[in-house]
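Shared between the two complexes below is subunit A, which has subunit B as its partner in the first and subunit C in the second.
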Partner chain A sequence: MSQSYNRGLIEDFGRWREFTAGMWAWIFHKFTGWVLVGYLFTHIAVLSTATIGTGVYTETLQSLESLFIVRVLEVGLLSVAVFHILNGVRLLMVDLGVGLEAQDKSFYAALILTGVIAIASVPTFVEGVF
Partner chain B sequence: MSTHATQEQEGAEVDAGDSKPHSPHQDRRLQEKATREEQSQRESDERTREREETVEIKVFRYDPEVAEKQEPRFDTFHVPFEKGMTVLDAVMYARDHYDSSLTFRHSCRQAICGSDAFFINGRQRLGCQTQIAELDTPVRIEPLPHQEVVKDLVVDMDSFYEQMEAVEPYFQTNDLPEGDLDEQRQSRENREKIKMGTRCIWCASCMSSCNIAAGDDQYLGPAPISMAYRFAMDEREGEDIQDHRLRIIEQEHGVWRCQTQFSCTNVCPKDIPLTEHIQELKREAVKKNLKFW
Partner chain C sequence: MAERYSSFKPGGTLWLLQRVTAAFLVIVLAFHFFLLHFVNHASEITFAGSQYRMGTLSYYSLMVTFLVTATFHGVNGVYNALVNQGLDGTQKTAVKWVLVVASALLIVQGIRTANAFAGISF
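Up next is the complex of A and B:
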């Protein structure tokens, strides 16, 4: 009895196939949250070029927007933000005790809606890059 | 005896219908459960017909007292299959016929004592409540995750019991009825409200499934919070006691650590809506702290 065995974290990402809807929602919410925090820093960095001069700001934006990868990242940013908002609403409902019976369905709905909005936004974001 | 039991059951059903109707969550959950059971019943019937004579189980083994067994491993047993066999039946057969050193806790074998919660095929389940025929083979039986393994399938439950005791899981009141021999009455609505919370069998499945509890050993955890809910919502306990209970659960490692992953609610063998209880206590705690008058 003096000795025991610690198996460590069993429910790590190696078991992702067994994760339930609530677990995935939690992981995605954390992930998108951190992405948005990271984005805020780059956002500030780009906007700060305006303090050097109006020309520098315009040039920075134009050169960034001419890159295909930036357009792709913009679509990614939109989908991350949309999912975070939708799941945030879902979590608000959970906190208020409303519709707990549909918490998994609302997560899937948030995912599908995010996908639809992201796809719908692609023409707008990619316009003029080629 | 049997007629008497049926009568009582019918009476109970009528009572429940008279008082507050079930919450829609509960109805939905029970309905889902019924469909699931129906399906697994069909599957298990099919498999009973198909299945060969034996079923293969893989059991986690560890024994600190024997030098060769200190390194954890899995042992495979081939157990003769019988219709209606549970996982607990299978490990008991393995212990009785193959290896008497195989160690696990069990007592009532009818999902009441809460001692045989195992990690079966990647999910916390009660061994006695899980039909072998419903599972994919080989059936993998491990001790509950996130608890120290003492031997084989036996885990150290001390920290779980400590957390349970921390919420003072017993009735206490200073709100006594006037007469010496008066009963402490509880309304039917109130009884319905706390009914699910009273079902807890202290099996620690929820605690083991909770990610937050795994990373924070001070977190009260699902079962203790639900137990606190069961008493905090009991109208027979006075306001002072309720305040005292809310003070316990609203601390840093109390209800606020719950991140609503619904893992506990998914694994609870007694279908307790744990997340619902935790969320309601969060709201109570906020209400109490916002009340400045």
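Up next is the complex of A and C:
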């Protein structure tokens, strides 16, 4: 018979001080998932300006890209996407039973790699905004 | 024996599809970000550039598949998160159908946009 770990009620966020690495990974995956699905709807709405006219699309994208806050939000979006991708790979590995004993370490690795990629991307994202 | 925590039904199609789309999206989302932020900078994107990319059948079909899989994966994820939080009964059914309709609208609008770039009109 398979054994499973009793994680308690993770939906009770008041217990956050007791959360282990796997629980934080679960919460971060949900949070980044909500952000990404919200962004997907926004993204299609912005790109839909192409159905109005060619000039409207180009002007909309270029005026959004001229705003510093949009560039900051793009770095945020990249961070959220990178974490969701890396932790998603970790979850697929867990589902396949690969590296179960290192699932906490792979969560920390995903966090560190996300931070490094986000910081390294800043020069590309802010290029030309000033 | 420990309780079962997943909101998915054991052996269900949705469970499998969530993972199959995840494996696809890991690659395509990384490609999408890399192409449109690092190869082509977002600030330099114009209708002509998007039209050029979408004019290729392989890119157009990849983006439409990306839209459909991302919508399914995202909306199914939201539904499961809500079920995990205790959504049940009539509310669960109502939320399910709102999400199904929202997904259908998003996919239709996304394909209309892709067609505008590719010069496809009906």
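The definition used in the following text is that the second predicted complex is superposed on the first by the 119 of 130 C-alpha atoms of A that agree within 3 Å, B and C clash if a C-alpha of one lies under 4 Å from a C-alpha of the other, contacts with A are read in each partner's own complex, and residues count from 1 in each chain.
In this text, a residue touches a chain if its C-beta (ideal position, glycine included) is under 8 Å from a C-beta of that chain, and two chains touch if they have at least 3 such contacts.
Just so it is clear, the model here is predicted, and its values are computed rather than measured.
After overlaying the two complexes on the shared chain, residue contacts for A:Glu18 are found with subunit B alone; subunit C is out of touch.
In the superposition on chain A, A:Leu36 makes contact with subunit C only, not with subunit B.
Within the superposed three-chain model, A:Gln103 lies in touch with subunit B and out of touch with subunit C [touch as defined at top].
In the superposition on chain A, A:Leu113 contacts neither subunit B nor subunit C. Put subunit B and subunit C next to each other and count what each touches on subunit A; the higher total goes to C. Once chain A of one complex is fitted onto chain A of the other, the partner contacts of A:Leu78 are limited to subunit C, with no touch recorded for subunit B.
By the touch criterion defined above, A:Leu67 lies against neither subunit B nor subunit C after alignment on the C-alpha atoms of chain A.
Of the two partner chains, subunit B is the only one that A:Val94 touches; subunit C does not reach it. Note: residues 1, 3-7, 11, 91, 95 of subunit A belong to the subunit B contact set and to the subunit C contact set alike, using the contact criterion stated above. Against subunit B, in their complex, subunit A makes its touches with residues 1-7, 9-11, 15, 18, 20-23, 25-26, 91, 94-97, 100-101, 103-104.
Remark: subunit A residues 1, 3-7, 11, 30, 33-34, 36-37, 40-41, 44, 47-48, 50-51, 54-55, 57-58, 61-62, 65-66, 74, 78, 81, 85, 88-89, 91-92, 95, 121, 124-125, 127-129 touch subunit C in the complex.
Residue ranges on subunit B touching subunit A, taken from their complex, read 24-25, 28-29, 62, 64-65, 72, 119, 122-123, 142-143, 145-146, 148-150, 156, 209, 211, 214-215, 259-263, 266, 273, 275-276, 279-280, 282-283. Subunit C meets subunit A in the complex at residues 1-5, 19, 22-23, 25-26, 29-30, 33, 37-38, 41-43, 45-48, 50-51, 67, 70-71, 74-75, 77-78, 81, 84-86, 102, 106, 109-110, 112-113, 116-117.
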